[in-house]
């Protein structure tokens, strides 16, 4: 088996430099894959026992479908060609995509390593939605929605920003590893989804009073957060797409931002609710990670600490705002973490990007901040419209929501005919 | 501590190229190690609460013993020397093994990195058995059986295929990363074990009706599957044994096959049982991974999707066949996933291997398919005979199975005197 | 986003060799980060359900605070300057630290990658304490204590050993990856903490009889152990600080030591308690890892097996000694694993270090063993004194321990107002 | 004194608690049980095998009340909980010999 | 009417359910309990310390039946469940004042 | 024969077991329940929303004893368990018609 030089078989160029970069990107992509485990754990942990298996199934199916669709069409829409608005090359076989941006990437690495790296990133977005819509959304509706996300919603917005010929990229918009492309985008979809599917039975009383529905396993939820954090280093460090001197800085600032954010959320909830809130603090770490993702290559340690702190400070209020003002029931805090953190991070990159970076883009800081805001707004409007359209069609056709009785029984029984915890005495 | 050049201390050659390959293999091997966590979680999750700790102990002990035995003798039986049937060099100190194949490997890397990589692979096989024999097998019997696997069973079959002088290797048999060597082999052992130990009390009624025994924690089982998937990238990418241009392709096809398989299992169970089955879909992802493992270096993306789809299609029927026709009680589906997937993958490598690969082997496709089938059969007969012999001896001596009363109480209490979930109310 | 060469932006040297070493250290550091998940899981799993969320919060907060403090001051105290007793350069911005040792490290890698690697190592120590003091310590007291550890306690002892100008380093003391610096140190702090906070209510009867308090989730505890083991490869392999030929040997001996230790604990508990003890065997694997950490670069495979076996043999008795003689209630066995294993490993490095190593240090074996013992004792006295002083101040001020009523209710309710397992029926 | 033992579906618990509050009941004991009555469970598939879920999760709510209140409270419960579908549950009425409040030592109806 | 409260080992539950089915019992309530009686538990080791497992998991099965059936059903249970070993369990018989079916409002034996 | 149903706080279980042992009680059944009485629960925050924990975890201990022992045992329990604070719990006393030991078929007080 071994010791045949497999590159000879594929007839490809084989130089140490290139191969090392491929190895780097592959390792980082493997780390990112583990986010699927992280999201699955945090989403089941922060919701109720009676729907735990259903969340697992949703997360699994979304990754599975996303991997297949993104290879067949999503990648083409995202990276193919030089059109500023939508991709156009590489349909049905991503490895054949062509265009200024994608050809460069394929040459610097190998097509497959770049495609796999992009696949695991794409797999994150629908997973964010799954948390916000948990415990009441029909499996089939969720599956179709997440297929739509990897088929067209994510690729088009991604094209604008990560295809170097996209219109936002040309403007100078900077989102290094996905605060906007992945997280805000997922957050907007989650917002549309959670609003349109409605709150879980029992979340709001008729008088609009909120009734907290505690998660059923804080430990497994926390494990999910640690796994996400671990995998996040893969996202931010891997987005260099090569072994680069700057990796050390990226990993350090990523960590500092997460820590600053979690620290602030702990303090704020301690003061505000008189006891530190565990699940919000865990959310806080994620919020700091989301926020630093846009600018981790261009801010320094102190910038990172401030960005994390800003994400943490606002997170608590985003959560309360979502629940109390928007009346959106987001069981795991996905909207606040990913949309809130994503907007904060993209904007704050404007404030803290290094001067060298601004020079290289030939933008003043004010101009750059303006571009970042344009990007945030453009993506917001586009995604909110597109996601809502898809969701409304689903509502009219297969239906978005399970029956009240099914919801009360729990989605594990009603959608899968099993109990996820067969040997445990569960309080329903 | 740092900054002493430790290689100077060991007096070894030290070139960048070689060291990079060592680093690659070590990183991949570390990923593979995590499979132990994956198997432990999936096997406990898919069985009952009252034996959870016992499964942990079995998985831990098998890895521990396998690491020690494989270093002392297993490696020598597997890689030492040039005999086509059995290894013969490196006993009691694997680093001293000699032979055409092993010397090349030691030179391309370092002896220790190659040995460690092979150790973590060897550690997979007994773990597969643990799942199939769960909840009724004596700890001591399982420990001895798994010691026998790493002592002789796995090394001999591995020698045929992965020692370049082994008779199957010489024939041109191709199993890049272990569909046959690891998974079919583990599956055959699991089949012999589960058959000989008999079904769990209550699994079949006197009239032969099947009584489903649901797993006690689907969430932790799913976590196990995600961890295995993550670690699997280590197996397939690491089996290059060097930083190679083809790594990107390997990682991409591995992922596509897993996704295609899980997708098909979801669809089939949805149609067949009217609701999508979560644990079978999770098994499906693993089945796709097992299947692509043999040929991940020589098939393209579409081949991988078809291989995964084929594994997924057959998996559901393998599971039903095992339970209903063979009357073998395999709580976690290990036999169907590893043996079924292993055979499918090894055979389908024949169909989808690239023409370049066939040319390099100087085989026509028909010849190559023939060789693959010979390999499948030879390993099957040999392992089934050897494993059954060991198991029958165990049955006569220490006994394979705990008493009925111990089984009903659960192996945690009867074998370890504890409850794994002391604070939870358990339904026995 | 991509394809801007981010190093150009930071204006740094960019050579392949250096960048590969940075990548190596960053990957290993990312693995080490996952220890936070491992410790969180093992500590919650081995304690009671009613305090699970509190342990999560403690582990999260300690990492968060440690990351921030270590960047601002801890790193300076540890690595800055050439003073033999305490660091003195790099306050408030670790990247500006200067000194013979740190400047070399910064030049061989990049400042940020070295700082991040040291941060994740620093994050381990307070986590060890959290386990030993679990289920009765006030959150605020624990947070301040763990801040003190990363602020001054760990950096000063670390300075002696890991700053090449530290007095123990100059003597020739060898602790490659932290048996003493991280684990013994954490163990001493844990011993002081667990003793001063006192045993959990119900652990000892008035007559001094011990009442076992079983952990509530052996499965999640075992997952924690596997994750720690996985991450440990990062610690030991990453401490090379460069891609080195010796990595393979390090990873192999690390694994063999863990296996030998777990194996022996299983045998000993099987004989001594008539049934093999699962949680002690899991502790055993960790004890073997702790022990091999000091000398993994300078001992061979057989040395490693003996070191692991020695750690395993003594572990069982360390646990009994701690509980029965010292009357210290250490719910997870942290003191025995980390302090016991750390001392054993540091000492046994003296016995099994290679002759080449001794020559390079210009020490006879007897001298070297003497130096190792001096280091063990010096660190022990210093840490025990310093940690006790901090703890006593905390006792007088914020108080170390929650009220008896709060403890009986569980720290989840009393400190956070939640239940970690809202949907499960818990036996209090 | 009587004890009412009320068996209902878990999702009705909040409603029942409200009814009992309205009726000025002094205390309750709630237990998770598995039960079957007319509602006989259902068949599911797990990994391709059928299995009968012949026990359904139910909640048992017990409350001890003065004998004179029994009829009134039973009526109130029926009114609010009844859906007319199988599985609505049952109420069993026991006589109780005595009740003691541990805190004060009070006995009989005073202790409720 | 009587309530039987049957305490058995968990592994006997399936047998008991079959017996009660045979005896045309209309419904049951099953609760997981911890108990001790003549069977006093055992001593185990955890991390080197002894601890007493003095409470054993048991299953409590309650069923309300017509008084006239009590003797017959008790006999049937004893016949099938008895092993003669300590820990076989007990049956307690209560009188029940009334039973009400919430779905219909029926009372007394009709409601069983 | 009487059954005592003793509702206490979980942390008092060990003390109660000791009391019952002292009183030579032959067996107990222990169930985890949720309850409220005078002790009405409390309000907590979860992710910024208030929620009422109006049911508190309690332990229900049942023991069947000879009628003549009831007063003595009740007194012993009150003596050891009472703290005088709300939530100390209650004891309910039932009459039991019969008790049967499955192992031997013994009936009545002999079966306890």
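Residue numbering begins at 1 within each chain, and the chains themselves are lettered A, B, C, D, E and F in the order written.
We take it that a contact is a pair of C-beta atoms (placed from the backbone, for glycine too) under 8 Å apart; a residue touches a chain by one contact, two chains touch by 3 or more.
Keep in mind that what you see is a predicted model, and the values were worked out from it rather than measured.
Engineer: Taking shared residue numbers divided by all residue numbers at the interface, is the value for chain A and chain B over half (same) or under half (different)?
Structural biologist: different
Engineer: Taking each chain's centre as the mean position of its Cα atoms, how many Å separate chain A from chain E?
Structural biologist: Computed value for the inter-centroid distance: 52 Å.
Engineer: How many angstrom lie between the CA centroids of chain C and chain F, rounded to a whole number?
Structural biologist: 46
Engineer: What whole-number Å value describes the gap between the mean CA coordinates of chain D and chain E?
Structural biologist: Result: the chain centres lie 18 Å from each other.
Engineer: Mind pulling the chain B residues that touch 2 or more other chains?
Structural biologist: Residues 20, 27, 214, 217, 220, 223, 273, 275, 277, 279, 417-418, 421, 424-428 of chain B touch two or more partner chains.
Engineer: Which residues belonging to chain D are in contact with no fewer than two other chains?
Structural biologist: Chain D, residues with two or more chain partners: 31-32, 34, 45-46, 94-95.
Engineer: Which of line, ring, star, complete and other names the graph you get from chains that touch?
Structural biologist: Shape of the chain contacts: other, as it matches none of the listed patterns.
Engineer: Report the complete set of touching chain pairs.
Structural biologist: The complete list of chain pairs in contact reads A-B, A-C, A-D, A-F, B-C, B-D, B-E, C-E, C-F, D-E, D-F, E-F.
Engineer: Can you name the residues of chain C that touch chain E in the complex?
Structural biologist: Residues 210-212, 214, 269, 272-275, 277, 279-280, 316, 319-320, 323-324, 333, 427.
Engineer: With touch defined as at the start, can you tell me which chain A residues reach chain D in the complex?
Structural biologist: Those residues of chain A that touch chain D are 202, 408-409, 417-418, 425-428.
Engineer: What residues on chain E touch chain D, complex-wise?
Structural biologist: 3, 17, 26-31, 64, 94-103, 105, 111
Engineer: Within the complex, which stretch of chain F touches chain A?
Structural biologist: 34, 45-51
Engineer: Given the complex with chain B, which residues does chain E contribute to the contact?
Structural biologist: Where chain E meets chain B, its residues are 10-11, 14, 32, 44-46, 57, 59.
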